[in-house]
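Scrolling down, you'll hit the structures one after another.
Same chain, two partners: chain A is paired with chain B first, then with chain C.
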Partner chain A sequence: MAFLELTNISKVFGQTPAVQDFNLQVEKGEFVSFLGPSGCGKTTTLRMIAGFELPTTGTVVVNGNDVTNKPPQKRNTGMVFQAYALFPNMNVAENIGFGLKIARKPKDEIKKRVEEVLAIIKMESFGNRYPYQLSGGQQQRVALARALAIQPQVLLLDEPLSALDAKIRVSLRQEIRAIQQKLGITTVYVTHDQEEALSLSDRVVVMNNSKIEQVGTPFEIYNFPKTEFTAQFVGTLNSIPATVRHAANGELTVDSQTLVTAQKLAGIADGEAVMISIRPERISFASEGRKPNVLNIKVENITFLGSIVRVQVRAGEHLFLMDTFNNPFLKLPEVGDKVEITFSKEAVLVLRHASQI
Partner chain B sequence: MKRIPLFPWILIFLGFLYFFLPLIGTLDFSLRLVKDQITLEAYKNVVTSARFQNTFTYSFIMALWTIVAATLLVTPTVYWVHLKLPHLRPIVEFITLLTYVVPAIILVFGLIRIYSRPPLSLLESEIGSDFLLVMGYVSLALPAMYRSVDAGLRAIDVRTLTEAAQSLGAGWRTILLDVIFPNLRVALLSGAFVTFAMVIGEFTIATFLARPAFGPYMANLGQTRPYESTALTIISLALTWACIGMMQLLGRGAQGQIAGTR
Partner chain C sequence: MQTAQTLSSRSAPPSRKRNVSFAWLGVVPFFLFAALFLILPSGILLVGAVQDKQGNFTLANFAGMFKGVSLGLVAAPSQANLLGLTFPLPFTVDFQSNSMINAYILSIQVSVVTAFLGGVIGFLLAYAAVLGGLPKFVRSALLTFSGVASYFSGVPLAFAFIATLGRLGFVTVLIRNIFGFDLYMTGFSVLSLLGLVLTYTYFQFPLMVLVITPALDGLKREWREASENLGASAFEYWRHVAFPIILPSLLGTMILLFGNSFGAVATAYALTGGNFQLATILIFRQIRGEVLQDPGLGYAVAVGMIVVMALSLGLYYWLQRRSERWLRR
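Take a look at the complex of A and B:
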């Protein structure tokens, strides 16, 4: 039995469904992210775990206890908000000790615990500062410490890094992951940033339109997206219309050129129109070595992005992107050149819609 | 050289004259109890009189009760509206503004008609009358209290702070006392000073409820002792200004704190 179990959860606000058919099992100590565009129901799901919203249907079970109808103050979940939400009238130590004070822990125990968590977030000397005397990143670390101080069963974070600038976002993200692994605390993390979700999580739940699109490890989500939405939302992706030529052999045509996919095309008829996806980084110039698939294209545009070079190419009427690593000896074609590109069978993913899985 | 715009300055000067000439006249008059001499005699007479002391103390205490009652009524209400019923905010605001529409004289007759007869008969006892007076004052204080508490709550993220406290195990009482009230300190104090100034000078309700308050005493003095009553006017003006000054001071402190939040 999993540590956190969400079973058949749905939530309807008035007429609009915010979350539907949500089923998820999170193991003890696991770090799970909800990833999806704004408005897809991530926050609502998190708030049902915290107890701020009652599910319209379904149950929330934590550590074997059904907490579906328990008020938030009885759930022992740690919550970190995008807006920090530190109590402005209390200093850092009082903020962190707030939950312990409510639990009527003895004073010296509170003091000891506050010092412990301050050490975890590396802010030992900040106990007497007030929130308005801290930077955004520091405030969010204190908010994390405050949530950890009560030793919650589950740690919930709702876009905790969105209000911070890029550098701090990356460093704090690594810090959160390190602390989570050290404490082994079961964590659910909400974000619309795919890089955040992929780099932090044991598993990612991709959501769209109030539903789960796919659950999997970052590796699975990135390399084997099951739906067009997941493929599009996670990473840069080329979606190219194609026609199935011979399903049994995995043969497709794009711009009347033939491609082969390693994917089984069971249930798809010959002649059917599908979408295929190829990640830009899996395509290379045929001059560097040929792979099973070769396409004739025209170079439309070349962009330097530092460590990689992004080339926009055209096959017939379809435009798509390829990325190659930058190096000083790279021999790039010119814009307008007609060259061959190449990629493996495995790079060609045939996408289906969520309903077909 | 830049031309100094003359017209606005003339307007400002005229405005200044309009407001301050009568004041200066009053101040001057209050200092002339003794013929051909500038003296504080009138002030001394006022401050040492037993009626001044009694009525002022009475109104002071009533003001404190009014502030306590209004705070306890307004804060949880406005908090709840902010948190759970934001769409009701215009309605609540309208209700608090009714005080401006209903004259005090109508209010006090309504209070007397309803509460002076059985089963309550509040006017038969001192404490009942005082209670009614405070309740009347609370309704007069509503606009000021509502406005400051509303502004105070808008300056903090009520909903997220509440949820943060809840997730840490806090119940409603703890949230109100340890999180909401302390963050409204400045807002509540500024509401309190306005209320205080209002109660100290209030005349109509106190008169018709026959309470020994400061407002009726001032009016009464005006009819019999001209020098002392102008001295009293200056004193009460100074008090009001002191209240406003305190508010400004507190407001500035609060702004520093809010501006510091990043």
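Take a look at the complex of A and C:
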């Protein structure tokens, strides 16, 4: 039995469905992220786990106990909010000890626990500071410590890094992951940032339009998206209409040029229109070594992005993006040049029928 | 030569012409108004308070405020009276023969009671409208009413209360005719001290609503949810989080209400015809010379009022700043 079980969860606000048919099992100590665009239902689902929203249908079970109708106070979950939500009238130590004070723990025990979690977040000397005296990153670490102090069964984080600047975001997410792994606490993390979700999680739940699109490891989600939405939302993707030339051999045509996919095209007839997707980083110039698929293209644009160089190319009507690692000796074609690009059979994913798009 | 001139002009320091902003023109009327109706009168009061009738420097006006007051510390226990309620004091104070100090005491009593009543009523109304889950139109209606009512004072307010709760007032007659209950048989009178307190409260609580509503709006939903998540009940949330956060605003606004009431004169004068010797009425009479023409003494009493008001406003701003520091994002 999983540690956290969400079964047939749905939530309707008025006439608007916020979450539909949500089923998920999270193992003890697992780090699961809900990833999706704004309004997809990820925060609502998290709030149903915390008890701030009651599901319209379905059950929430934590460690074998059905908590579906229990108030937040009775769930023993620790929540970290996007806007920190530190109590401004209390200093750091009082904020962290608040849950223990409410639980009427002895003062000595509270003091000891506060010192422990301050050490975990490496802010031992900040106990007497007030929230307004801390930076955003420090406030969020205190919020994390406050949630951890009560030793919750499940840690819930609602876009905790969105309000922080890019550098702090990266360092704090590494810190969150390290603390989570050290404590072995079951964690549900909500984010719209794919990089965050992929780098932190054991599993990612991709959501769209109040439903789950795909659940999988970051590797599966990125490399083997099952739906076009997942493929488009996670990472950059070239989506190109193609026609099946010979389904049995995995042959397709794009702009009268033939491509081959390693994917089995079962159930797709020859001549049928489909949509194929190729990640930009899987495409290279044929001059660097040819792979099974080769397309003649024209270079439209070159953008320097630091560690990578993004090249926009055109094959007939279709525009592709291709990424290549930057190095000082890189020789790129000029805009307007006609060259060949190449990619492997495995790089070509047939997502769905073009007629259904 | 030409080159030299060019070099010379190049090496000269850049011109430091200061452009006077025309934006200052916009605030001239404000400064003019403040100078004519705030700074100049205050200056006249301050100068007048330390001058005798011949224009010589004296502190006799301030001494005159305390004429006849005897204070015996721990000498003999006595009782203080606050609007009918008695409190024990460990010392004796005799103000009976001093109308100035009595006027201050009455003004402070009325101001404290109306600030407290207005504060509590205003807070409960604002709480109901902001956090009580009432329909949105209630909030708009309350704020609109408060915006109007907080400035409804002076003669029109006194007349409104006499027309409503006077011996032949609309509500008095209505209650008498419908329920057969004569309000005035209970000893109530709109012209009494209680009537004055009721009338003052009418413009006090709307001010509380207007000032405390933003503070209640500033209570973040996440604070309540975070406290619930950490196991706190609604009472514990209010006790440990919400109330301490809004307390500076609450106290600050009550101090503002105190000052608002302390400085009022027209309402009391119009309602009671000067039956109650509030400090403001006494100043009015001293300066106008209706009782004792001693403008110097009137100025001294007015300076005392300015001190009380300045202390109130100073405390208000200190509490507001403390509250803002907490609530800043």
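In this section, the second predicted complex is superposed on the first by the 352 of 357 C-alpha atoms of A that agree within 3 Å, B and C clash if a C-alpha of one lies under 4 Å from a C-alpha of the other, contacts with A are read in each partner's own complex, and residues count from 1 in each chain.
Heads up, the rule we're going with is that contacts are C-beta pairs under 8 Å (C-beta built on N, C-alpha and C of every residue); 3 or more make two chains touch, one makes a residue touch a chain.
Quick caveat: nothing in here was measured; it's all calculated off a predicted structure.
Annotation for the three-chain superposition on chain A: chain B and chain C clash. Annotation for chain A, partner touching more residues between chain B and chain C: B.
Shared-chain residue A:72: touches chain B and chain C both. In the superposition on chain A, contact is made by A:50 with both chain B and chain C. Using the contact criterion defined above for the overlaid structures, shared-chain residue A:150 touches chain B and also reaches chain C.
Using the contact criterion defined above for the overlaid structures, shared-chain residue A:83 touches chain B and also reaches chain C. By the touch criterion stated above, A:102 is placed in contact with chain B and with chain C alike. In the overlay built on the shared chain, the residue A:136 is in contact with chain B alone; chain C does not reach it.
Where the contact sets of chain A with chain B and with chain C meet, they give residues 50-52, 71-73, 77-79, 81, 83, 85-89, 98-99, 102-103, 132, 146-147, 150. Contact residues on chain C toward chain A in their complex (touch as defined above): 220, 222-223, 225-233, 236, 240-241, 244-245, 325-329.
Considering their complex, residues 50-52, 71-73, 77-79, 81, 83-89, 98-99, 101-103, 132, 146-147, 150 of chain A touch chain C. Listing the residues of chain A that touch chain B in their complex gives 50-52, 71-79, 81, 83, 85-89, 98-99, 102-103, 131-136, 139, 143, 146-147, 150, 156.
Every residue of chain B that touches chain A in the complex is listed here, in rising order: 156-157, 160-161, 163-171, 174, 178-179, 182-183, 185, 257-258, 260-262.
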